[in-house]
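Got a structure here, written out as structure tokens. Questions coming.
We just call them A, B, C, D, E and F in the order they show up, numbering each chain from 1.
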């Protein structure tokens, strides 16, 4: 069970409903997932989080599917079960096929392994990797 | 300093040299970075790691740049300093521009934050997110 | 299911019962939570853990509620579900209100995000932050 | 070395300078630390991060020192070296004495230990810890 | 529920069945655990993972029980619930008694605590710990 | 630089000296490493930490080398650089050879990878892995 009540649309304040409405309109769906219903106990955090998520995940130099897969990979690295469930679904909805899913898991697993192998050997950083790119 | 000696090409056994040669040929460069020189203390681990990295990072359903950015995002999530330095350089070499770099960091940061917010609220998984996609 | 049996009071050895009694007396309650019942399979670890927790969480330069919130924030950062459930309850019992709960989650989430952003940029430490305070 | 150039005030764009000015004015100091100089490569992320940090760390139900210590504890849990250096300094500037520093480390260490012990035993959550508080 | 279907033996392709057969033959058992049934959605990852696990966990300079306990300790450090359940069972099957189990958890917990305490103090590395062993 | 002064023997209080003396006597060496010199700023934490480390790492159902390798593996999983340096040295001093070192890193890396792969697939726990061993 969650540590706060999940606030349904019909029980929400106007400010919370406004966020729910924007989530549904932006996504073109008619429901809101539990993450937002939990955040609704802290309306400022809800509004700020939604605004940022909408902005950060919008198309830019990276397309939405690439961003979604990066988000999923970080969620795997942090072992967040809810996040893995919701962002696997989101990445699929944006076009991630099963082969891509398998490759994402393979890359995320390899990185998790080699991150720790590198640290185990205390590998010194090569001069060629140091610093920002030459302008 | 590393926990094992870094083994240079001229001091390497034929088996290790063969891996170094393949790394340089595959990447089209004339040097090997320190990670491989550390792994060379354990030649089986070196050969296995290189074979897998070559295979996992090869073009597939996902292109090499997308895989490199996923790898970098996991390295950020795990706080591996060497890995961040080397894979930021690698992603740039494969075409990640500065705007994409900024967006990758923004997505990785957002995911790190919301992973923990979700866990703090102990959000129950929505039925709609449960399970594999319908076939 | 736990990886060891949960040992109930009536099945416990005298040494384990003594710890259970001290937990209940110290907390002014008439029950012991599952964490201690699991630890009871390894009585030395049980006794040591309880002694240290009692000492570390006691009033000192920091008050018990501040300590409890620090403990909860670390549990969120480590994604320990049981710990989040039990220490959210404990912090509430010590006076954490809903607004404070929301602020704690906001701070813990912000830190989780910026910890990783800092590492992604490999930010060098400012000289002014180096070292212990001047005496 | 950082993965992006550190942008000094005299080299910054007007938008970045406006953030630097607000940081200095808000904190009552005449310098900006390296974290912001790195973020300045991605001005949107800089502006958003500063606005949120200013808001999240402001006095509320929790006072600024308590928030600073929670931030520091999460940084310790995530092993972010820069963050530990900068937020130890910040917590001291806000009044954390040496005894409080030691207690914060003791609590954060204890939580890190017991988070993992709980998970090792796979402790089931007690019914009494489940869910939001009764209204 | 898993993010991919669990593939049972009777529904598996010949390539997947070959891996399942080798798992059962190597372990001397007549069933395959869910991890492999999930991996079977990505047959290349399944085959590679099984080959490596079989090789890495085989007797060498370290015996299989020691390797299993190291694996379990890392799983505890990463908070992987499935892995803790399966590798606690595996370590017991290889001879880990209850006293050894308790000591493993005590060591893993102590390391988790002191890892973070060391980082909180930003302890500089002693010269005597630097580098590979003198040859 | 550390966040507290490193306290040398000649500057230490009698209580701190007593711990330093016991560390040197127990280990049969004539120096104390920086971790203890940092902890000496908080003498209660120093004394408690040393007592527990001495007790937890002592021979029991597991021998000291096995315990040391478990400690090292957790330090690798947590990415603690100082801890990796010091406990690699300690494990070598207790008899870990280079082949064993390589195998430890291989197992720790494999576990780090598969912990995350398991979580990515949200693998349900097999009934056979549930719960404590039958008595």
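In this text, a contact is a pair of C-beta atoms (placed from the backbone, for glycine too) under 8 Å apart; a residue touches a chain by one contact, two chains touch by 3 or more.
Note that the coordinates shown come from a computational prediction; the quantities given were computed from them, not determined experimentally.
K.L.:
Taking all residue numbers at the subunit C/subunit E interface, are over half used by both copies (same) or under half (different)?
P.N.:
Comparing the two copies, subunit C and subunit E contact each other through largely different residue numbers, since under half are shared.
K.L.:
As a test of understanding: of all chains, whose mean C-alpha position lies farthest from that of subunit C?
P.N.:
B
K.L.:
So, comparing C-alpha centroids, which chain is the farthest one from subunit A?
P.N.:
Following the centroid criterion, the farthest chain would be F.
K.L.:
So the centre of each chain is just the mean of its C-alpha atoms; given that, what is the distance between subunit E and subunit F in Å?
P.N.:
19
K.L.:
Using mean CA coordinates as chain centres, what's the subunit B-subunit D distance in Å?
P.N.:
27
K.L.:
So which bits of subunit D are touching at least two other chains?
P.N.:
Where subunit D meets two or more other chains at a single residue, that happens at 1-4, 45, 52, 76-81, 84-85, 88, 99, 102, 105-106, 108, 110, 112, 114-117, 119-122, 130.
K.L.:
Can you tell me, using the touch rule above, whether these chains form a line, ring, star, complete graph or other shape?
P.N.:
complete
K.L.:
Quick one: in the complex, what on subunit E touches subunit D?
P.N.:
76-77, 79, 81, 84-85, 105, 108-110, 112-117, 119-122
K.L.:
Hey, which residues of subunit E end up touching subunit F in the complex?
P.N.:
1-4, 6, 31, 33-35, 38-39, 45, 49, 52-53, 56-57, 60-62, 66-67, 69-71, 73-78, 80-83, 85-86, 88-89, 92, 97, 99-100, 102-104, 106-108, 110-112, 114-126, 128-130, 133
K.L.:
Flag every residue of subunit E that touches subunit A in the complex, lowest number first.
P.N.:
Touching subunit A: residues 3-4, 41-42, 44-45, 78-80 of subunit E.
K.L.:
Could you please specify the touching residues of subunit E with respect to subunit C in the complex?
P.N.:
Within the complex, subunit E touches subunit C at residues 79, 84-85, 88, 98-99, 101-102, 105-106.
K.L.:
Write out the stretch or stretches of subunit A touching subunit D in their complex.
P.N.:
Spelled out, the residues of subunit A in touch with subunit D are 1-5, 48, 52, 55, 130-132, 135.
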